[in-house]
Every structure is written in C-alpha cells, then in structure tokens.
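Notes follow the structure.
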Amino acid sequence: MVIILHPGTDKDTAERVIDKVKKLGFTPHPIYGVINTVIAVIGDRTQEAMEALEAMPGVDRVVPILRPYKLAGREVKPEKSVITLPNGVEMGGRTVGVIAGPCAVESREQFLETAGYVKQAGAQVLRGFIYKARTSPHDFQGVRDEGIQLLREARELTGMPLITEILDTRDVEKLHDVVDLFQIGARNMQNYALLTEVGLSDRPVVLKRGLSATIDDLLKAAEYILVGGNQQVMLCERGIRTFETQTRNTLDISAVPVLQRYTHLPVLVDPSHAGGHDWLVPALSKAAIAAGADGLIIETHPDPEHAMVDGAQSLTPEGFKELMGQLPAFAYAAGRTM
Amino acid sequence: MVIILHPGTDKDTAERVIDKVKKLGFTPHPIYGVINTVIAVIGDRTQEAMEALEAMPGVDRVVPILRPYKLAGREVKPEKSVITLPNGVEMGGRTVGVIAGPCAVESREQFLETAGYVKQAGAQVLRGFIYKARTSPHDFQGVRDEGIQLLREARELTGMPLITEILDTRDVEKLHDVVDLFQIGARNMQNYALLTEVGLSDRPVVLKRGLSATIDDLLKAAEYILVGGNQQVMLCERGIRTFETQTRNTLDISAVPVLQRYTHLPVLVDPSHAGGHDWLVPALSKAAIAAGADGLIIETHPDPEHAMVDGAQSLTPEGFKELMGQLPAFAYAAGRTM
Amino acid sequence: MVIILHPGTDKDTAERVIDKVKKLGFTPHPIYGVINTVIAVIGDRTQEAMEALEAMPGVDRVVPILRPYKLAGREVKPEKSVITLPNGVEMGGRTVGVIAGPCAVESREQFLETAGYVKQAGAQVLRGFIYKARTSPHDFQGVRDEGIQLLREARELTGMPLITEILDTRDVEKLHDVVDLFQIGARNMQNYALLTEVGLSDRPVVLKRGLSATIDDLLKAAEYILVGGNQQVMLCERGIRTFETQTRNTLDISAVPVLQRYTHLPVLVDPSHAGGHDWLVPALSKAAIAAGADGLIIETHPDPEHAMVDGAQSLTPEGFKELMGQLPAFAYAAGRTM
Amino acid sequence: MVIILHPGTDKDTAERVIDKVKKLGFTPHPIYGVINTVIAVIGDRTQEAMEALEAMPGVDRVVPILRPYKLAGREVKPEKSVITLPNGVEMGGRTVGVIAGPCAVESREQFLETAGYVKQAGAQVLRGFIYKARTSPHDFQGVRDEGIQLLREARELTGMPLITEILDTRDVEKLHDVVDLFQIGARNMQNYALLTEVGLSDRPVVLKRGLSATIDDLLKAAEYILVGGNQQVMLCERGIRTFETQTRNTLDISAVPVLQRYTHLPVLVDPSHAGGHDWLVPALSKAAIAAGADGLIIETHPDPEHAMVDGAQSLTPEGFKELMGQLPAFAYAAGRTM
C-alpha cells in the first residue's frame, strides 16, 4: 500500500505513522517530497492495516496496491476456469452458453412448454425460479415449495441442467438434489451468510452483480464462495443503477472485458434484466457476445402478456428462436462457437 | 394506474389493452388524443397487473398512481409512530435519539470502555456488533458468537438498550434474548428471507437503506417487516453510492424530509458510514438534525487508530463528547429536545 | 399529460386544478377513484404548463405523455436520416463509418503520420482537435489557432473529411472553411449558446452525450441544433458517469438501440473515452457495432506513450489496423457493410 | 505521483518506466515488492506526465498525490476568502448570506414585487435571470435582452446587488454594467470558454457544480476563473444526478464540509434546484447552514402557480418570509450570524 500524508505534516507525526507500519509487520519506505511525504509499504496488505493507518493523524489517504481478490484473480490462476455441467456443456470454454427460461415458474403447463422450446432452440441450461425476490411483499413471491416437484419433472423430462435462485441459507440443503446450479441474485450479492453457505456446496453458482456493486465488490463477493472451497463460480453482469430511466438498469458492457482481464471465472450477461424491455434483448445479447461474454441468461415466456413477473422483458417463443438463430454469427466473429 | 399507448397505435390494439384491463378486474377510462391514447385505470394496482399490461403490444409505459407501501405510508397512519425502548426512551418522538458505540466489538476492555463514555455523554442506545458484514472474506468478520456473553454483560452493566446487526435468518432466534434491537444493514436491505424473519420477531428493527436503494425501495423493504406483524421499524439513511469519491458514500440528506412526509416510521441518519471520515461526522450530524431526523447512529472508539474496522470514521471519546455538546442547539432550533 | 392528485385531495382543490387546465387551453378529463383523482389532459404539453400545474396545491405529480423532441423523433420522420459527407461517405446508411485520429493535434509530424495510416486502414473521417476541453486550466489546452493551417494541410493531403471540436460560439465562423464537421463535446452538450450557433451553420455536427445526461437530455440538446435549421446532426454515446471506477466512464451500450428506436439521427459510439484504456477499445467497438451503432470514433496515436493527451486510451497504429480488420465480421453479422 | 506496475512486470519494462520518469524531469524512487513494483515520484505532477506514464507497458495505475487545484486550495491560501459586495455585504465571512429571487424574470410587476419582499425579508442579493438555460429549445428561454432595462431598474430601486446567469462569452461584456455578480450555471460548469472570459472580468462569480461533476471537477473549473485573475469566486452545491427520483437532484450535503476543508472560496447551497419541490426547501436550507454553508440561493415567486419556470420549487412570499425567520437559530447554533 502507499500512504499519502497531508501537505505540511510535521516530522514527528510522520514518524508515528512509520512506527505504526512497522508494528503492523510491514516494511516502510518513506519518500520525502517538498510538499508531501509518501510512505510506500511492502508486504501484503489487509483491510485492517489500511484502515488503522487511515485513522492516524497526518494521513490523507491510503492507496492499495494489490488487488484484494486472492482466489478469483488471474494472478493466482492465469488460465480460464471452465465449468462442466452435468450434460457435458462447458461454461467458460470456447462455446457461448445460453441459460434460458421464464422469469418465474408459474404452472406445470407454462414451465414444461417453455422447457421444451428453450431446449429445441439450443439453450444449454433451463432457468426455473420458484422463490422470487420481489421488491414489495405485496407482489407474487413465486410458487415456492410447491414448485419443487415441478423442477424435478422438468429436469428429468428435458435432461437439461436446471438453475434456480436461492434466497435463504436453509435453501442450500433443501434444493441440493433438486437443481444443478444455484443462482444468487443481485439483491443478495452481499448476503454473506448465503455466500458462505453455497461456498460449502458442490453445486456451481451463478453470482449476479448487485445494482450498485462495483466490479471489485463482485469479485470480493465471489471470494466468499471460493474461500469455502466451491470453485465453480460464474459471474453475471445484469445492469447497474444509474440516473438513466429509459432502461430498467444500465448494462455495464465494459464489465465483460474488465472481468475477463482480472478473473479466471466465466463471465455471463443477463440482457433481460439489464434492459427491461423485450425489444432491447437482441441488441444487448449481441453486444455481450461481441464484448467477449462466455454466456447469456435470457428470459422467455410462452405468453409474455400473461406472465406473472417481468413479462415486458420476456421474449416470446418466436422471438427467442429468432434471436438464437442470429447469435452464432456474432459468436463466430468473436472467435467462439455456439 | 395510467397506461400510455405508443403514438399511432391502431384502434384494435387499443381495444385489446382495454379488454385486458377489464379482465384484470379494473375499470378502464380511455382518453383518445390526436397523437396518443391514454387509458386511466381505477382500482388498486398490483405489480402483476402493471407488468402484464406493460408486456402488451401498443403499450409504451404504465405509470403507477398509488404509492405501493400500504403499511409504511402516511395514508394508512397519518400520525408519527413512536417506538419506546426498554429504558423508556422514545424514538420518533420529540427527543432526538442517539445510538452510539464502536463499529465492531473487539474486546471486553474496548467495548465496556466505550459503553461507559457513550452512556455518560448521553447516548440512549448502545451499538455492539459481533457479526461484521465485510466486503471481503479476508477481512475481520467480527468476534462472532464469542461476543454474545460480552453483549449480555454490557447491557446489564449500563442498563442501556443494545442493538446488534444480524446477517442470517438463524440469528433472529439466537440473539432474541441477548439484544434489544436488531439492525439490518445496507447490504441486506433486500435480503427478503431476513426481513421476513424479523417481521415475526417482537424486537424493534433499524433498517438501513441499501447503497443503491431508492427511497421507494427502502419503504418496500420495510413493508416486508411490517407485513409480518412487527410494527417497530426505524429507517436509516446512511449514504448512497454515487460517482463522488471524496466521501465514502453520498449522504442523501433529502431522504430525511421525503421520508418524514411519506411514512410514519422514525427516520435515523448514520453520518459515520455516509461520510467515512471522522472530520465529516459533526457537520453531517448537525445537518441531519436540522433536516428533521429523529435520531443518529454514530461510531466512536476509545482509540480509533487501533480500531479493527472503520477507525477512520470513528470519533474519539473526546470528539464524541464534544459533538454531543453541540447537537442540542440544532435540536432546539428544529423544535426538538435532546 | 396526466395530473395525479394527492390521496384525499378535496373536491374544491381538484376543481381549481381542472380550471387551471382549461385556462391553459387544454381539455381536462378527470377520473375520480376511491383514493386518488387523476386528470388526463389532451393537447400538446409544454414544459411551462406542466410546471405551472405541478406548482398547484393538491397536485402530487404531472406525468408527460408525449416525448418532447419534436424534430429529432421518429414520430416526425420515421425513416433514418443519412448524412452524406464531402467524400461521398454516408453516415447513418448501411455502412458503419469510422472517425479516427489522435486525441489532440500536437505537431505536423504526429498529425500527418496519423492521418496517413488512419486513411490507409479504412477510416472515413479524420479527427483533428486543436482546442482541448481539459478539466484543469493547468493542463495542455491544445495547439489552438496555430493548428488551423495544419488542419487545412491534412485535409488537402488526405482528401478526408475533417472533424474538430469547437468550444466557443465564435469558433463556428472562424473554422467554417477549415473543417467539414463540428464536434460538440460532452462538457458542452448543454452549452445552449453553442448549440444554437451550430444550428445556424451548414456543417454536420457530432453531438456527444454529457457525462450525466439522460438519453432524453441528449435528444433535447439535439433539438437546439435542429430548430435552427441544421438537420445534419449525429449523436454520440461516449460513456456516462457512474460509481464504477475500473473504467473511465460507463459505456451505456443500451443507448444505441434506444436511440435507434426513438430518433432518426445517426448514432455513433466513442469507445476510447468510454473505456479510458486502449485494451478496452476493441471489445467496446465490437459491442457497439453488434448493438447497432452507425459509426465509431476511435483515438489512435503514432506513439501513445508520448501523446500529450489521453495516451492510455489511444491505440497504436498496429492496434488500430488490427481492430479495423476485425470489425467487418461484426458489421456483417449485424447486417451492415464496412 | 505513485506509479503502480502490473504484478509480474519484468525488470526491463520497469526500467523503461523509470527512464521515462527521469526524462520527464522527475526523481523516481522504485520500491520492489514480492508481487508488485511501485515507483514513487517526487516533483509536482502534471496531467500530461501522468497520462504519458499511464500509457506505458507495464503500468497498471498512476495515483496522483498532490491535489491539482493550485489557486483554489487551502495549501496556497489557508485563510478563508471573503468577498465584499457593493452593499458592503460579505460572502464567506461570519454572516450567512442569502441570494433570492424568482427563477426567471417574467415581467416588471413580477420582478419588482419579488425584489421588494425579498429585500424586506432580509436577503442580501437579488436574483434576476433573463437568459434561461432550458433543457429543451421549445421551453421558455427567458425575456432575454428585453430584460436588461428591468434589471437596471430593480437594482436602482432596491439598492441590492444583482446576480444574473450568463450563457455566452459575449454576455460578459454586455452585462458588465448591468449586474453586480455573474452566475455560471450547472450546465456550463465546464464551458471553458465562458470560465476563461469571466476570469478576465472584475465581477464576482457564483460557479454552480455540474450535475455529474465531482468536487474535484468543481475546484478545477474554479481554477479556470482564478487563473485569469478574478479571485472573487463562490462555489455552489445544487444537487447531483443519482438514481433517486423522489427529488429533482440529490443535494450532496457533504460537499459543504469537504469544500470548506480543501478550498478557501465561499461555499453556497441552492436548496431549490437540489430538491425541486417547495416543501423540501426549508429542510435543505437548514441542513445547509448546519453543515457550514456560507450562503444560500433560494427561489421565490409572488405566485408560484403562475411562474413560467420552476414554480413547483419556488417559495411563496409567505413561505420565504417564514423560512427567513427560522434560519437564524440554525446560523447561531453553527456559530454564525444572520
């Protein structure tokens, strides 16, 4: 880390900071300038050490040097992580993968119909959410435990790996044998109890970026899972909150190349939640692949007008099939297969 | 709600939307303009109805009319809610209340010393956090269960009501008899499983606004607690995430009068997390009271330089006492006592 | 517009609002609900009328219905505007156009060398900025008027249309015969005096989106130019300001399909300023084309390490050529040529 | 500055960066860690040097040490700047000053009536805007040059110093003898041509913070004026753009203590534009004074319902007088007079 002192800090105050650095077990390298004094510190930083130093008189700022993700970073593992799903599909490999399904499981008919056309159109993973994280308690909360049997049925029928969102630490055990992948949604990205729990699981996890989480926060949240031993983590950019109101969120497309540079974990994009309108999904899906995403999560519904959640951003079966036909050209241009 | 159709939408498409409104059980009032058609809808909206209509061809936007917080809103309960703590202190009444303590419980000495001077300086509630929600798993996570006994001791010794942050649904039962108030932190504001769990508890809850939560989101999160039966909810503004980097977060001071207008729940401000620097705490505390806050949450530490968490934003014992001496003048100016 | 009254507004207050609507020359359609009253208003809104109504007692909100861009909107001109440059190149047509050059003109050697390889690699327009809008007055402000002769020379030598940024109303006349296109930069997007001045010019204008401008603001700024008679306006997304710090700005990729839907004006993307790092430019350029952009503005420098401005985001000559070779595959996938 | 190299950068690459530092005229202090190399650089930084180094292979980031505002900073001038207006009123001194008036000059009656009650209620400066910076060209643009005579009349009649907003470099000369202070609005905060022009004037300038300008940007914009020789600059916080929609903008109250710490220039707050609703103005005004603001800019109109601009945020004459009666208690609490 680098400690920057206030202009005009006297020598005694500076000495106290230097002593503190030593006490914390680091080697200080003070550099005295005409206006400012700077103390470079060799040794791995910890958040505590940085905060302790920041609290000292004379200290203006403490600048971290090392990126703080020890397990998610490319420094520890330069080659890309590839996650192999039960059906042999690889996420993070050469092929761009597609996770698709309705926003929420509503009924047997709706879910099985979707599973059918989603598989036929070439999606690799089926999305089936039975607990819905809704902003208001007065909104539809999902079919909840009543949907568990239905998930089993769809999984058997299609042979597709199934992903569901979990909201409670107690869901991890309950759904372990029902689904193949867990999703931790944007609102729970910093639900550390939940992250810790899935970190102990052997199920792959899709971790979505929080609405106001920086890329750094997302990687640190992933650390919570990795540190528990679960290495099968995929990150998903799904739009951040900005002042723009024409779209539900602002898809941070740059997060794709930034994440590809700094982490070995596969990077997905959810164009449906990012845009919030069905007519935006094709453009954002294509952009995501062009920017280097390893996969997409797309919402589709047999009858969006009658969807119980997020109908406005769900593709019709026709819309989904059409998009699935257009995407390969972009994947090829990006040097991928699909 | 008001449904706005795209300019030039033909009559048949408009008719389909009107039919749908009827099917959903509402009364449509279509108004045909030269360019746009608008359909006003009488009847209480639901999120599902709005989303279903938004997904229809021809529909440009659906604008909600009623504010969606049924239990937190002033419409249902015009008079202010006052929450009485075990020591008789009222939050939301005429007196501005102060919750104070260290960011984290570190040791017996540190915590009891803080409890002592915090009480003497006039704080009403003691802050004692044993589980810390940290951005990185490599950072100090709190003394955790080992701190439980210490919380009991401090509570008995000082006779002050004690507040602690909970991170897991399983904490609610475990800590019920140990503390007087629960805090749900910013990162868990939309952890609906946790909100639901404290909604079934009889302990007052301080709910902090998420970093990117709108005021509307905060009120909807409060609904999750209220709907369970727990009416003792206090809201806390603690800074939102913006592009400004000179402060840790941006204190949204306007949230105070906005919340006071729309909800009957008490409104607190946390100037420590909002600013992130000890030297900002006094100005922000005074501003909060001037803007009409019902209380403050302030971090203080016997020795901020040696604090394990957030030392840079913790007031020294002297700083805390000095501030507590300055605040009453602002409270009086605002027509409050302190 | 739709006027939403506060819950519980009495009839007299509602009547006063209705009267006011009539006085403003509109037809009111009041709809009385159990809780709220809503007044739908037929007739073209003006900002003044909306503000006047919003200021009345009893009024909670006024929701506009018509989009307020009368000249930029697809409603007035459904077909796409194509702008033909002096060399016959069309912006907004089937071909994706590229504007390229250094961030700043520094010297004769640097500028002519860049012009040479930029043309050879297939760019259609040469970027040559002699006035630099810099955040600090202590930074390099461009070669300024001394560069005028150099612009003429490069334009003659290469035969390429030349674009330069103008900062002052007095620049419009001064540079009219020197360049082919004007750029109005992000910081001047709401410099209405400047917009008005270029609105009277016959030169095409590239208008960049401000750092915190909504898409709506950008379209309204374009109206200032269009209303003066100049129809040759291109819009450029170049990143907005968010809390994310890994990139210079956050490229709002969704702005491309949103603008393509609502306006007939050509839509460009500047991946260099959006990302702020050379290694991000390829991914963002490809994403922009995949999302439907009509053109790109790319910074390149013969020797980025010695660039006086923005070297970190400038492509080397090799990097630029390589990228120009990769882009056509994405253009074809998007149904465009290049 | 401190240059942080990528982990694993080889020695040759590091040497090239060190050589470059020397060529730029600085003294490099390389510190070699196990993972990262850091190069501390003594000597005053320039933006160009930083950008040149950032563009080099091996460089991850360049961190500035010195704050870049040479003339606005407390380092150069530790004591507060006090600006004395023609009527002897001091801005930046012990007294909290109030600038008040309508958002726009509309007519002789409206303006003179406002001037009358504003003076009587104790405001020190009269706000009279004749050119309005409006988001859309179809909105009311102000009475423009026809208002000049009216400004003269109000100034003579009341004896109050008068402030007006200027939008064009050509306005500086035109209005020099008509008004006492110039305002540069939020949208023009980075209109460098305009900043440069008022920098050559002898009129005090109120510079408003842009909607997405950081505090740092604001101070750098002030440098443009100071560098021209005009030292009479006041800064005004007026709300920044965030995702929150309940208020027009988000008042960044922390900007007040941050600016008071880093600059000697007087700091004002505009609660009217920040909040956008008349009912928010009192709370925000009080908070601003409590946080340490040197003055306020408040909008008021004899008849807000009939205001041509921003009626919803304008106080009535009664509202204004009432607020002026409440503010002194907060000023006294803050150790100021009023």
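Each chain gets a letter, A, B, C and D, in the order it is written, and its residues are counted from 1.
Here is the rule we use: a contact is a pair of C-beta atoms (placed from the backbone, for glycine too) under 8 Å apart; a residue touches a chain by one contact, two chains touch by 3 or more.
Being a predicted model, the structure only gives us computed values, none of them experimental.
Undergrad: Between chain C and chain D, which partner chains are common?
TA: A, B
Undergrad: Taking CA centroids for every chain, report which one is farthest away from chain B.
TA: C
Undergrad: Using mean CA coordinates as chain centres, what's the chain A-chain C distance in Å?
TA: Distance between chain centres: 31 Å.
Undergrad: Quick check: how many Å separate the C-alpha centres of chain B and chain C?
TA: One centre to the other, that is 38 Å.
Undergrad: Averaging only over C-alpha atoms, locate the centres of chain A and chain B and give their separation in whole Å.
TA: About 25 Å separates the centre of chain A from that of chain B.
Undergrad: For chain D, which residues are shared contacts with two or more other chains?
TA: 212, 240-243, 245
Undergrad: Tell me, which parts of chain A touch chain B in their complex?
TA: Touch residues, chain A against chain B: 20, 46-48, 51-52, 54-56, 68-70, 133-140, 167-170, 187-188, 190-194, 196, 210-212, 217, 220-221, 223-224, 227, 240-241, 278, 304-312, 314.
Undergrad: So in the complex, which bits of chain B are touching chain C?
TA: Listed in rising order, the residues are 2, 4, 7-8, 29, 31-36, 38, 40, 42-44, 63, 65-66, 75, 241-243, 245.
Undergrad: Please give the residue numbers of chain D that touch chain B in the complex, ascending.
TA: Those in contact with chain B are residues 212, 214-216, 240, 242-247, 250-258, 261, 274-275, 279-280, 283-284, 286-292, 326, 329-330, 332-334.
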